[in-house]
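Starting off with a structure, shown below.
Note that the chains take the letters A, B, C and D in the order they are written out, and that residue 1 is the start of every chain.
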C-alpha cells in the first residue's frame, strides 16, 4: 500500500509546564482534505508549527510520505513539499504581489530561474484571481486578498501537503465561499490539505474527516458524522445546548457538498 | 514592449559616461584631487559592500572598520614579509572572508540593535588586539609598509585606478546580486525571516553568504589602502568613525538600492572635503549637521533602509521579463 | 518631520559652504608659506592647539620685523593650517594637499612621533623640508629621509641625563617602576629609560603598559606599591598622568622620586592636581625659566616667555617653544640661502648651528637636533623649579612624593 | 591585596553603574541608542566644575545644578529633535544621535577647550584592614549608588514612574490610557541626561575632564548595558559593578593595557550566549 501523506507518532510539545500538543498520533492518506478543529488554544497552530519545523519537538516523530522529517529545519521541510499559510498573514510587505508569489516559486518546488518563477507566479495569481493586482505592493491588499496571496504563495511552492491555518478568519460569508471554492480547486489538483478552523460550519462543507484537538490532545478522529455525535466533542467544543442545531446544519452541508462533487465530475468529463 | 531595451541602453550609456569621467579625472587632476578621487573610490567600495548586508539584507552592521583594519594589517604584514602587492591583497581578501564566516556564524543569530552593538564591539576588540599584539602588528607604534616605487604622480594614478577598478567590480557585483535569486532571498530575509524560511529559503546560509561577500570586499579595500599610505596603525585603520560614516553615506544615497551607495559616497565625500578645508575649528560640527540634515530632509532615502516601496518597484521593473516572454 | 527647520538648514548649509569655498581660494601671491597640519580636534586637540600658538608666535615676530629677507626683497611669512582631527589618515591627506594644491614652500610635521612618521614619507616623495617640533623618538628619524628635521633632541639624551642626575642626587634609590601609555613616544622613552637605568644598576620592579582611555589605574598602582620602588617613572598624556597621581594618593602611596612625562611639564598638570603635584619631577626639552639668548627674534627666552604670556595669558611650554623655534630655524635658513629653493634651504638646515631662545640647535645626520641640553624640573609648591642643567637651575631636588 | 583589588573594582564599578543607568533607561523606554550619552556626562561634569569654580557653590549644589541643566537640555532635545525619529528603525535614531553628538562635542571643545579640568577635592583616604579607599571616590560612589537606587524607586512607586513603565511596556496601550507619550518620552530622555550629569559630577571628582572623554564614557555605557541587560535599570547596576571588577582583575591578570578589551570581549560573549544580559528578563527581539 502507498505511504500516507503525513504520519505523526506521539508528537508532543511542552512550553514550560503547559503541554501545547500532547502525544498526537495520526495518519493522513494522500489527497484527503482533513479538518483539524478545536476551540481556541487547543494547540492546532502549534501542531502545524511542529510539523513544519518552526517549533522544536519535545517528543515524537513526523513522517512525510514515509520519510522522517522530524529533525529537518523549516526551509528543508518546505522544499520537501510541505507548505503552510500563516494564521496571521505574513506577506513580504515591501514587495509586489507578484514578487511575493515568486518567492514561493523560487526556493521550493521546481526552484526555477527568475523568469520561470515569474511565469509560474503569474499562473498562480490567476488561479487565485489576483492577477490584476500583480504589480501592487502586498501591503495595499485587502485582508481577503492577502489571504489569497498567502495561498498563491504556498501553491507556487508546488506542495504535496498544504496546511491552511484559519484561512477564513476575518472574512465575510461571500469571501468565505470564494475561499472554499479555491480550496476545492486546489484539492482537485491532488494536494493533500489539512485545514485548521475553529468555525465548524466552514470545514464541514469541505471535509470527509475531522480531527478534534482539545487541550493539545486528540479528542476525536473520524467522519464528521460520528465526530459530531461524539458526546465528548459536543461537550468540549460546542456545549450540549447547540449540539442538535449543528447536527442539522451538518446534514445540509453534506448534501450541498455531494451535489457540488457531482457537478464537478460532470464538468470534468 | 521596448521599455526594457531602452533601459538597458540608458544604463550602458551611463556606465560608459561614468568610466570616461573617472579616467579623464584621473589623468587630468592634480595629485591632491587624485587622492581625493581615490578616497572617493574607496568609500564607494565600502558603501557598496555595506549595502549588501545593511541595505539588501537589512542588518545594521558596524563591522566595516573591523574588516577594513583586518585587511590593512593582513596586506601590510604580507608585504613586509616580502609578498608581491597582488598577492598581499589576495591574502587580505581571503582573510576577510574567513573572518567574516566565523564572525557571521556567531553574530548573525542576533537581531537588530544587538547585532549592531555586537559589530561595534568587534571593532573595539580588534583595535585593542592590534594595539597589544606587538609580535604581529608592531603594536600601537604601527608598521611601515614598503613604499610603491615611482613618482608621486605615477603612484597616485596607480592606486586611483586600482580603487576605481575595485569599485567597478563591486558595483557590477551588487547589480548582479540585486537581480539574482540570492538578492531576492536577502530581500525576503530583510522583510520577514519566518516567511522566508516558510518559502524554503535557507536563511542562515544566505545571511552568512552576504556577510562573507561584504567582509571580503571591505578587507580587500583595506589592504589596498595600506599599501597606498605605506604606514598603518591600529587607531587609524580600526576607526569606529569609519564604521558609522559608511552607513551614513549609504543612507544619504538610499540604502537597498543599486546606485544609492555610489551617489551617497560622492555627495558625502564632496561635502566633507569642502567642509574641512574651510572650517578649521567646526568641521565635525558641520559634519554632524550634514548627518542630521540627511535624516530630516531625505527621510525617504533614509527610511527606505528598512521598508521601501520605491526600491521594490524599481527592482520589480528590473526583475520582470518583458511582456514578450510571459506565459500566454 | 521637522521640515520647517531642515528645509532651510540645507540651503543655508550649502550656501555657506560655497561662499567659504570660494574664499578658500583667495590667497596672496608673495609670502613664504609654511604648511601646518594641526590636530585641533580629536584626541590630540590640546597638543595641537599648543603647536599652533607656537607657530603663530614665530610668524607674528618675523612679520613684525618686516618679514623674511630673501636676497634683495623682504617677504612676509604665512602659515597654511588645516585640522587633521588627530587622525593619521587625515594628516597624510592634508600634507598631500599642502604639497600639491597649496604648493607650500616648507612643511611642519603633525603632532607626535606617530603622525610625523606617517607624513615624513610624503615630504620625502616631494622633496620638501619638513620640520618636526614634537617628535623626539629616534624611531621617527630612521627612515633614511633627508627632508625631516626634528627640533626635540633624542629620548636617549633625555633619559641618560635623568638617570645620571637621580643616581648622583639619590644614591640610595635602587628600585625602579616604569609605567607607560601604549603609544609610540611614551613607549619609546620608557623603554629607553628602563634600559639605561638597568645598565646603571637600577632594579626594575615593575614595567607595565596601559591603553589610551583607561579610566582606572588603581590596580596597576596596587601592584607597583607592592614592589615599593624608590623611583616611579610614568609617561603618557596629561589626563592619565593626573589620574595616576590622584590614585597614588588614594592608595596612600609614598615614593621618593616620581617622574612624569611629558604631561607633567604643562601648567594644567599642576592646576588639576593642586598640592598633590608637589615634588613630582618631570623632564622638558625647554622651559620658560631658561636663559638662552636669541639674536634673531625675541632676543631671548625671558622675552619670549613675556611676549607669549601677554598674547595667550599663560605660560609657554616646550611644545609651543619648539614650534616657534622650528619656524625660526626655517626662516633663518631661508635668509642664509637667499632663496626658498628646497635644496638650498635643506643644505643650510643641515649645516648651520642655530642660536635661539629655545637653545642651541644643530641637526645631526639623522635630521634630529643633536645638541641642546635636557631640563629636569620639579613642581615645588605649585611652581616649576629647574633642577638641571646647573647653568639655569632655580631649585634643589626635594625627595619624597606623597609624604605629608 | 585581593581585597584591595575588589575594593578598587567596586569603587569604579559603582561609577560605571551611574554612568550607564541613564543610557539604559532611554534605551528601554524609547528604544533609542543615545550616542550623545558620553557628551552628556562630560557636559554635566563641566557644568559642575564651572559652578564650583565660578559660582563658588559646594560641589553637591553644583552637581544638582548640572543635573537640572542637563534634564532641561535632554527634554528639549528629545521633544524637538529626536521625537521625529522615535518610531523609525533603531539604526536611524542611532545615526541621528551620532550626528547630534558630533555637533555637541565640537561645541564643547570650542567652549571648554581640550585642556583637562577637574574638581579638586583632596579629602585623602581611609584605610580599613590595609585596604585604602579614597574619600572622594567613596563619596562619588555613594552619590552614584543613591541616585541609581532613587531612580529605581521612583520608577516603581511614583505616578510618573508608572507612566514611564507603562509607555515602556506598550506605548500604544499607554496612549489609549490617556498618557501623553511624547511628554513621557521627553521626560525619560531628560532623566537619562540627568543621570548622565550626575555621573559626570561624580567623574569630575575622580578624573580630569575633557570633551574627548565622551567616547570613552559611551563605550563603557554600551558594555555595561549589554552585560546587565539593555534597558534594565537594576541591570545597569549589576553590569557596572561587574565591569568594574572585571577590569580590575583583567588589569592584574593580563596587564592594564588589556583591561578595556576584556570588557568588550565579554560583552560580545554575553550578546551571543545571553542577549538578555546577566539579569535581564526579556529576551531579544
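Keep this in mind: a contact is a pair of C-beta atoms (placed from the backbone, for glycine too) under 8 Å apart; a residue touches a chain by one contact, two chains touch by 3 or more.
Computed from a predicted structure; not experimentally measured.
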| item | value |
| --- | --- |
| Farthest chain relative to chain D (centres taken as mean CA coordinates) | A |
| Chain centre separation (chain A, chain C; CA means) in Å | 77 |
| Distance between the centres, which are taken as Cα means, of chain D and chain C, whole angstrom | 35 |
| Distance between chain centroids, defined by C-alpha means - chain A, chain D (Å) | 52 |
| Mean-CA-position distance for chain B and chain A (Å) | 44 |
| Contacts with two or more other chains, residues of chain C listed in rising order | 1-2, 41, 182, 209, 211 |
| Touching two or more other chains - residue numbers and ranges from chain A | none |
| Set of chain B residues in contact with two or more other chains | 128, 131-132, 281, 283-284, 289-290, 292, 296, 299 |
| Pairs of chains, among all present, that meet the touch criterion | A-B, B-C, B-D, C-D |
| Chain A contact footprint on chain B (complex, rising order) | 179-181, 184-185, 187-188, 190-192, 194-203, 307-309, 311-313, 316, 319-321, 325-327 |
| Touching residues (chain side chain B, partner chain D) in the complex | 54, 60, 106-107, 109-114, 116-118, 120-122, 124-125, 128-129, 131-132, 244, 247-248, 251, 281-285, 287-292, 294-296, 299, 302-303, 305-306 |
| In the complex with chain B, residue positions of chain C that touch it | 1-3, 5-7, 9-10, 13, 17, 20-21, 23-24, 40-41, 81-83, 85, 87-90, 92-93, 96-97, 99-101, 114, 117-118, 121-122, 125-126, 139, 143, 182-184, 187, 209, 211-212 |
| Chain D residues touching chain C - in the complex, by the definition given at the top | 1, 4-5, 8, 11-12, 80-81, 84, 106, 109, 113-118, 120, 122, 124-125, 127, 132-134, 136-137, 206-208, 210-213, 215-216, 219-220, 244, 247-249, 251-252, 255-261 |
| Touching residues on chain C, where the partner in the complex is chain D | 1-2, 41-43, 45-46, 49, 182, 208-211, 213-220, 222-223, 226, 238-239, 242-243, 246-247, 249-252, 268, 272-276 |
